[in-house]
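After this come two complexes, each holding subunit A, first together with subunit B and then together with subunit C.
After this line comes the complex of A and B, so read on.
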């Protein structure tokens, strides 16, 4: 089982790495990070704040774009091109295929994020002529971004397991945007009445809460990020992505692949 | 124990706006294939050949019925370690090289890394791709891709190999090469189940064939028997053009050249025709039994229901 899972994971990773679009995105993010000091020229004294904000936001946004663009084709492309036929004729369980694909894309995003993080630290080093203790907070923020990716990958995989790439992209981006405003949705639910209250509360808890996973502002303003928050976020991301991946497996297990 | 045993396997697809009507893609199919046999699954396009193979590979699920391969349920992962499959007009991960692709598939089939390394070179040599190196598959021709397809189907040394239209879309040279490869597998004693609508390939390679048409099995048997069954006719040549009108009831075809008549007759009617010719004082030149072809059998099976329902 592990060898089949790792084979599918590594092949998914290899496909993403050999995809030129992915390289372009990395280069683009690195350029963005490199241009951050220029913003600093305009806003004297807050170079670090700008750089951290732009850098972490870019890592989050571009990671999400990669998750969606690659994720929507993870299953549907294999069905469309019939590469799945030669996979399923081997002793590969359908759930192994889905879980292997999940880890493959997540590995891709972790490697990308790592490269972008290195770029961000280099930019900080260049701008501030050295690193300080508060810069370690960036790692906590980046960890939370990776937790977001865990959920995004699961969602795109779920949509890819039953829908076309275009609809999968629309669903995934819509959920990403709604999830970013999950806290506002909760606030709206708190002030609304009757059926609207229950509907808004239901939606607020059902959509992924990307707002809670976003600690970019704290990291940029050098405010401490509590260990409890990190533990809670980790559990939340594990449970949410686990449940969504299980749903993807359930759908895929029953699907006739025409 | 049969290598493949299919029992009542069927597949219906829901059609229409409300998906309430069912269109049968495969009517209940019963079929057995013996170990070491090369079995041809013949039918025109859309007959249900690929549906059958997709069912056996677990790509789609049957509406009813079941199958066993090498004595186990066809979806058992242990069975899948022992089978190889080449889909119709295969597409592979074009960002991989042929050795990378084979390594991936061999890994999925449970082969150890050291074993894979040894086997990849051997298999690539065998399919005539020993010199492709690290060239990515996107640069391969259709014939080369077909050979890669066969390589991935046999990389893990399966006992049963399923091939869906393995010669489809290939030029004559490519077809010949693929035919040689299949013949090689057959000589090794592997069980081969291959679907095709190219009858000459089936005739050259298969021990037995089945004909499927409109999702329904129309006939199955040993190739030579089927050919002789369908033959059952003789060609008779005699001199005496005046006799044609008297014997025309016995003839399915006749050509008159001067005084010479060449007629085709069902073997059942042969004695009566000869008797009639003697009575008419015709001079008999020759009687030659006609050999049937698989094509004759195929055509008779695919047309028989239409004819009987008219």
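After this line comes the complex of A and C, so read on.
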């Protein structure tokens, strides 16, 4: 089972690389490093702040876009090219196919994020002529961004397991935006009453909470990020993406592929 | 076939268990972050104008979101009778930077800021700054001058500034005639409960916000009780001048022909007559804005 899963995972990663997905990294790193000296000229005293905000937000946004654009084609492309039938005619179970695809795309995003992080640190080095201890906090923020990707990949896989690529992309982006405002939804539920309260609370807990996984502002302002928060955020991302992947498996298992 | 069905059930149960686990974990994360975590992000924002530049043209939508956050922040603190409303002013500032024509944010936000603690933020200075910003951005909307005059009068007791605000507002085309009346009253009888009652009645009739309406009712009820108490104390003084000692019960006043029956406050409870002839309400908590003025100041 492990070898089958790792084979699908690595194939998905290779396919993404072949699709030149990682080319965006070169653009990102070049842009960031090249524009780093400009930050010092357009603002006074907050060049590091702007660089960190731009860098971390770009890592998050680029990753989310890649997760959606690559994720929506993971199942549909295999059906279109009829390669899915070849895979499933071997001793590969459908759930292994979905879970393998999940880890493959996640691996792509982790490699993507790692290279972008290197680019960000180079830009910081150029701007500030050195790194300081507080810069290590950025790693905590980047770790939380990877947790966001865990959920995003699971969501795009869920939608692509039953819908067309275009609608999968729309659904996934919509949930990304709603999830970013998840705590506003929760606050709205807290002040509403009666049936609206229960309905809003239910929806607030059903949609992903990307707000608590966003610690970019704290990292940029060198505010400490609690270890407890990182532990429970990890647990949340694992459980939520697990639940969404389980739903994707359930749907894909029952899907008629004839 | 049975094996397939069992596998499906196991996966469905796994899904539910993971979902329940994620909800429980999320509740813990929310507890760790605190209920105001999202709102506290405003402290990191350099200014509303920066947020506007980053909003990619969706500044009106963002303004609506920030206004909703401000209302929820105020509502939650108002219910808890919180001691501080630190984030309210920055939230309102960002809201009105994002959408300078969002009148509701100036009108209601200023009342949220100016009300005394714990009912509001107790910051009439910030409320004045917010309304003045609203007037700069919306010079033809005369009602903002009314809000400005109202805050100067009720919360800052600056009758001259209030008169100027009402006067300027009355000069805006389309302003209702009573703005001129208010300006005149500020000049002549500013320190009169009837003036305050007139203003609170105008707030009650024009606001659509439930909390502000309730506050207006509390003020009106308190003003009514204040007027009653002042009138009753005038009569106990008259009794004392006639009989050489203050009345001991309401019956003494009724027998002396100074009262028709036992007087009741606006909530229907009888007023309390103290041995020194002063009058009190039965339950002071129901009249949070009741002010006691020395009899010498009562006209």
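What we mean here is this: the second predicted complex is superposed on the first by the 243 of 258 C-alpha atoms of A that agree within 3 Å, B and C clash if a C-alpha of one lies under 4 Å from a C-alpha of the other, contacts with A are read in each partner's own complex, and residues count from 1 in each chain.
Keep in mind that, in the parts below, a residue touches a chain if its C-beta (ideal position, glycine included) is under 8 Å from a C-beta of that chain, and two chains touch if they have at least 3 such contacts.
On a predicted model such as this, the values are computed, not experimentally measured, just so you know.
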item: Superposition on subunit A - do subunit B and subunit C clash or fit; value: fit
item: First, second, both or neither for A:229, with subunit B first and subunit C second; value: second
item: Touched partner set for A:250, first subunit B, second subunit C, both or neither; value: second
item: Subunit B versus subunit C as contact partner of A:181, first or second or both or neither; value: second
item: Touched partner set for A:90, first subunit B, second subunit C, both or neither; value: first
item: First (subunit B), second (subunit C), both or neither touched by A:217; value: second
item: Touched subunit A residues, subunit B compared with subunit C; value: C
item: Partner chain(s) touched by A:76 [first = subunit B, second = subunit C, both, neither]; value: neither
item: Which of subunit B and subunit C A:15 touches, first, second, both or neither; value: first
item: Touching partner for A:242 - first (subunit B), second (subunit C), both, neither; value: second
item: Closest Cα approach, subunit C to subunit B, once both complexes are overlaid on chain A (Å); value: 11
item: Overlap of subunit C and subunit B interfaces on subunit A (superposed complexes); value: 254
item: In the complex, subunit A residues that touch subunit C; value: 46, 95, 181, 183-184, 186-188, 190-191, 205, 209, 211-212, 217-218, 220-221, 226, 228-229, 232-233, 235-236, 239-240, 242-243, 246-247, 249-250, 253-254
item: Touch list for subunit C against partner subunit A, complex; value: 7-8, 11-12, 14-15, 18-19, 21-23, 25-26, 28-30, 32-33, 35, 37-38, 41, 44, 46, 65, 68-69, 72, 75-76
item: Subunit A partner contacts - residues on subunit B that touch it in the complex; value: 54, 57-61, 77-78, 80-81, 83-85, 87, 90-93, 95-96, 104-105, 107-110, 152-153, 162
item: Contact footprint of subunit B on subunit A as seen in their complex; value: 3-4, 7-8, 11, 14-15, 18-19, 81-93, 254, 256-258
